[in-house]
Amino acid sequence: MILLLISLLAVGQAALPDSGAVTAARPAPPGVVKATDTPNDDGKSINISWSAADTLAQAWLVERTEPDSVKVIATNKPDETNYIDEEVRDRVRYTYRIAAVAAGDTVWSDPTPQVSSSPQFFNTNRINILIAMLVFFALVVYYIETAKKGKNLFVRRIAGLDAVEEAVGRATEMGKPIVYVPGLGSVADIATIASLNILGEVAKKTAQYDSALLVPNRDPIVYTVAREIVKESYTKAGRPDAFRPDSVFFVTSEQFAFAAAVDGLMVREKPATNFFLGMFWAESLVLAETGATTGAIQIAGTDSVFQLPFFITACDYTLIGEELYAASAYLSREPLLLGSLKGQDYGKMVILLTLVVGSVLLLLSKLPALGFFSRIVGFFSTR
Amino acid sequence: MKFLSHLLKIDRRIIYIVMGLLVIFPLVKPLGLGVTSGPRATRLFDAVDSIPPGKTLLIAVDFDPSSMPELYPMLAAVMRHAFAKDLKVLLCGLWVTGAGLADKAVTEIPPEYGKKYGDDVVYLGWKAGIDAVILGMGENIRNVFPTDYYGHPLESLAMMRDVQRLRDIPMGVAISAGTPGYTDWLNFAQSRYGLKLGAGVTAVSAADAYPYLQTGQLTGLLAGMKGGAEYEVLVQKNGYSKAYMPAVAAMDSQSLAHVVILLLVIVGNVAYFATRKRGT
Amino acid sequence: MHISTSILTWIAVILTFGIFSFLWKDNPFYKFCEHLYVGISLGYVISLNWYNSVYPDLFRPLFFQPLSQVSLGNKLLLIVPLVLGLCYFCRFIPQASWLVRFPMAFVLGWGAGVTIPAVFQTSLIRQMQGTFLTPGIFARWDVFLWALLSFVGVICSVLYFFFSREHKGALKLASETGIVFLMVGFGASFGYTVMARMSLLIGRFQFLLRDWLGMIR
Amino acid sequence: MKRTIPLALVLIMGITMMIQFFVPHPVSVGYYDLTTKWIRIVGAFALVLGTGSFIMFHSDKTRRRRQGWGYSIVAIAALVVVALIGLCPRIMLWWAVFLPTAAVVLGLLLVLVRSVDKLKRFITIWYVIAGAALLVALAGFAVGVLAGRFGWRLPHELAGGIRPGSILQNVIFTNFLVPLNASMFAILAFYMASAAYRAFRARTREAALLLVAAFIVMLGMVPIGANVPFFWFLVVAVAALAVAGLVTRAKALFIGAGMLAVGLLVWLVFWKFRIPPLMLPDTAEWVLSVPNMAAKRAIIFGVALGGIATSLKVILGIERGWLGGGKQ
């Protein structure tokens, strides 16, 4: 698209028409008249553009000649020197003429070469998106495959996990229970799945230290999955007998009723540590506040940007957005999670690299010699 | 220090009562603090103001009753501005629960300017399938909305004759309370069909709109009830409407409420740090 | 001060106080209002869905409009979404509950296929274009300073969420500055959220004072 | 068979829609229009899932008499009545009021009958509700047909179910849905107030920074902060830091207060000892359009890449959570 424009302008300056004797009133016929099939469209449209030879013209007439008819199809205001004709049929040959109209005089330009419209199979404006997609898809698929082949991919230990360790330890010393809320989302939410992975880890610790664990749920499916995970963790820690089935329970599906019920639980049980990991909505405020007033250490983690500010101020440690996914990937070592996390990580690196290199080149484009670098910004425009 | 630790034990219901009274008081006895219009609201106002008369302004009603206090004054103010400028107004919505609100606006506001339904204002109604609706409107509005919200076929409405698809509409204003909302109009209407877009959002999602303002994807932004009040003031100052301004009336309470929250946080923190020093 | 006499406004007021009573204590009146709300909103959505989507787009063209208006080809094409839609009902028939996967696959596949390019276009390519440092930043001292600050802010905030290397040395410094930007960003959202909640409360009081008690205009 | 075909369908739909994005050819545009129309219809049917699980959950709670089962009846009754009033094309208003009450009375009668032990075995409360609902539906349709034939015309605007713009829709919308929905969110303001007092603490450096940014935005965005110079805001901040340092004897707070005070002095000198004219709203606007914009843009990149990766895994069949348990 850019190349088209530049070639148009260049040609425009070179071949200025030298019309014959020009009477004062008669306007010169329009300069270079070009008619091209509109690029990157589904056909049936022709782009006509021309340049004004002088400023006398008060209007432009656009005339189309087809095999069987000649018709003036548009009158444009002086400043509009292009027109898109959309009443054309594909594969029919047309020619166009433009007239400059001024004070009764109509001076016609010579007709353009024959042109016909046709649909294109690839939208050249969107090459940048295609490249970005292919690069990122390659990264994600590559890392998921390597993770599946068992190659251990390095993921750094999230600071939040040390806080989890320390919080469970504190609860055991004080002999008080731990309340773990796996969020209000459903199994389809990524944050809920990440929270359930971390629940497995916390349950293993409470099994070893034999401290009480309470897991209230809002979604029936999440409830059943959570109970399986806690049971499995207790058996893995070698304490299947210590698992109390009623420690994982379903409360209600109404948002605020659930928050009120968990508040009641926290005030009654006076837990040493509260975990709020998963998907939360406006009720996060109610939970975090009551938890804070009971003096418990609170660790939160969610990917919902709206609730993060409240968790950050009301809780002792907060896993922000993707840190929650990274923590669950680190703990579960599950190839699917590790693979896509690494793929996104290096996707970010590609973005940052492009931004830095692009910016350097763009700033250099101020120097006369490297002017063409300024085309980089255009490459990132979207149509 | 004993007083401070006692301060922490205040029952939450006392805070509720204090909060309620402080919000009600300015509603009954206005403090008259006045509203100054910020750059983002003025930018949207100028964009709508620059639309030539007779052209159509698209307004997307993507919110529900729970965000009515913040977003309905914006809808009313933008519609009053459009009618005063003799623009045609085309309403549609991606939220099912927003249908009643658009219907209320279409019945209450046009009569103030003697505008007739069908000639000056049309409400297309709500359709399921968020991106499908916008993309469908891009190609041809009729195959998404064969009839308007009240069942009249689009051909029978005079105003719809020169509006076939999104390209025929110079500008749109997406008034949205979340998703689906202005991001979908950006993703599908602007990038594919080049629709110039302004947005009115609830205060909660206002901060997230700034990246789109900086790239120029959004032309102007109204943020929360304050944004509504700013637009109402601009519409009134330019003599486009003398109607009652609910958002401006609420601004005094809004100011007082913010100051109360600030004081609560500061006092809470002072009391917390003081007593924590004693190792409670 | 003239209290409204319309029974409908009184219903709205009673329901408002029903929900507000939850502030004092969770009580039967609140539970009644909350369950009423859940039931009404779902019933309302069902009827609107019928009038705005299912009836005009499917049932009317398929069953009620004659062949003169809707060609046989289009009618056959409409059978596909009808069958897919009905599969949703099988979710509650134990043996055939797997049929619900077909409409879900159709919707999920279509959604993912449309969203991916759109997200690349609007959230990635367009936002990257806005982040580049262009020669335009040398216009004025503050334009240059804030453009540089935003650029550094974006880079460091993205690096904070980088998990493939330990945060040591330069990466540690970058993620430290990143967290500062993130916290200011969350602070801005916090401020706006407070503003939003207050507006909603003021809106409710405006309803009570104006439509019910008639104390304000 | 039960897993391979859905996975194939998700793959085909995903790939074709992605390719379609790059091909402007009329065939691709035609394919696109067709699938968008289908999606709108299938999307509307998805509501069946939500309604179904809602009714199952509440009816199960009623049958098992779990705590609060009475409210579940309210929920189901509200759903049935509003849905029926909405869907019946020409139900007349007083029929719409008369029939539900008749159904409820019938329901109560059956409950009484059911409390008699003999009958308990074969009439459960759930059948009562189903019976009442069926009765209302049949009566509504029958009346609609009869009204049509015998021309029992009520004033035009009273009839028409929840037809867009009909009187019934306004009544249900403005007097039931609006107050409930709006009040449900309005009580959040009260929670905000009590949480502000009892939970929002500057526990860590990050939380303190968050609260300061929040204060600037909150004051800057309301009329009361309109003509407050940012300079005074910083003076208050210095005082607060100093007091906090005094109370907790934390050296860091003192250093912070000192550095900020020096900064203020330099700024004052720069403005030749006049109060710098930078107002709070402009500072809030700066906080929003520079640091906040950078942070939110970084979050947009993260969320976009995360969303794309998840969508890709769904299309390629790597992520199969949505298939649900299932036998094979």
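In this document, chain identifiers A, B, C and D correspond to the written order of the chains, with residue numbering beginning at 1 in each.
Everything below uses one rule, namely that contacts are C-beta pairs under 8 Å (C-beta built on N, C-alpha and C of every residue); 3 or more make two chains touch, one makes a residue touch a chain.
None of these values were measured; they are calculated from a predicted model.
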item: Set of chains whose contacts include both subunit D and subunit C; value: A, B
item: Comparison of B-D and B-C by number of C-beta pairs in contact, larger one; value: B-D
item: Chain occupying the most central position, where position means C-alpha average; value: C
item: Whole-Å separation of chain centres (CA-atom averages), subunit A against subunit C; value: 16
item: Separation of subunit A from subunit D, taking each centre as the mean of its C-alpha atoms, in whole Å; value: 21
item: Where subunit D touches two or more other chains at once, by residue number; value: 18, 21-22, 29, 37, 39-40, 43-44, 163-164, 173-174, 177-178, 181-182, 184-185, 188-190, 192, 194, 196, 198-202, 206-207, 210-211, 214-215, 217-218, 221-222, 288-289, 292-293, 296-297, 299-303, 305, 308, 312, 322
item: Junction residues of subunit B, two or more chains touched; value: 16, 20, 23, 66-69, 97, 99, 125, 127-129, 135, 191, 203-205, 207-208, 211, 214, 223-224, 226, 254, 257-258, 261
item: Set of subunit C residues in contact with two or more other chains; value: 22-23, 31, 34, 38, 41, 44-45, 48-49, 52-53, 111, 114-122, 124, 126-127, 129-131, 150-151, 154, 158, 161, 182-183, 185-195, 198, 200-201, 203-204
item: Footprint of subunit A on subunit C - complex, ascending; value: 22, 26, 31, 34, 38, 116-117, 120-122, 124-126, 128-129, 131-135, 138, 151, 154-155, 158-159, 161-167, 182-183, 186-187, 189-190, 193
item: Footprint of subunit D on subunit A - complex, ascending; value: 40-43, 119-123, 126, 129-130, 133, 136-137, 140-141, 144, 187-188, 190, 193, 220, 253, 256, 282, 285-286, 288-289, 292-293, 303, 305, 309-310, 312-314, 316, 321-322, 325, 336, 340, 343-344, 347-348, 351
item: Residues of subunit D that touch subunit C when the two form their complex; value: 2-3, 5-7, 9-18, 20-22, 34-35, 37-52, 54, 56, 68, 71-72, 74-83, 85-87, 161-164, 171-190, 192, 196, 206-207, 209-218, 221-222, 284, 286-305, 307-308, 311-312, 314-315, 322-324, 326-327
item: Subunit B contact footprint on subunit D (complex, rising order); value: 29, 32-33, 36-37, 39-40, 43-44, 163-165, 169-170, 173-174, 177-178, 181-182, 184-185, 189-190, 192-194, 196-202, 211, 215, 217-219, 221-226, 240, 243-244, 247-249, 281, 285, 288-289, 292-293, 296-297, 300
item: Interface residues, subunit B side, partner subunit D - complex; value: 8, 10, 12, 15-16, 18-20, 23, 33-36, 38-39, 64-69, 97, 99-100, 103-104, 125, 127-129, 132-133, 135-136, 139, 143-144, 149-151, 203, 207-208, 210-211, 213-214, 223-224, 226, 251-252, 254-262, 264-270, 272-274, 276-277
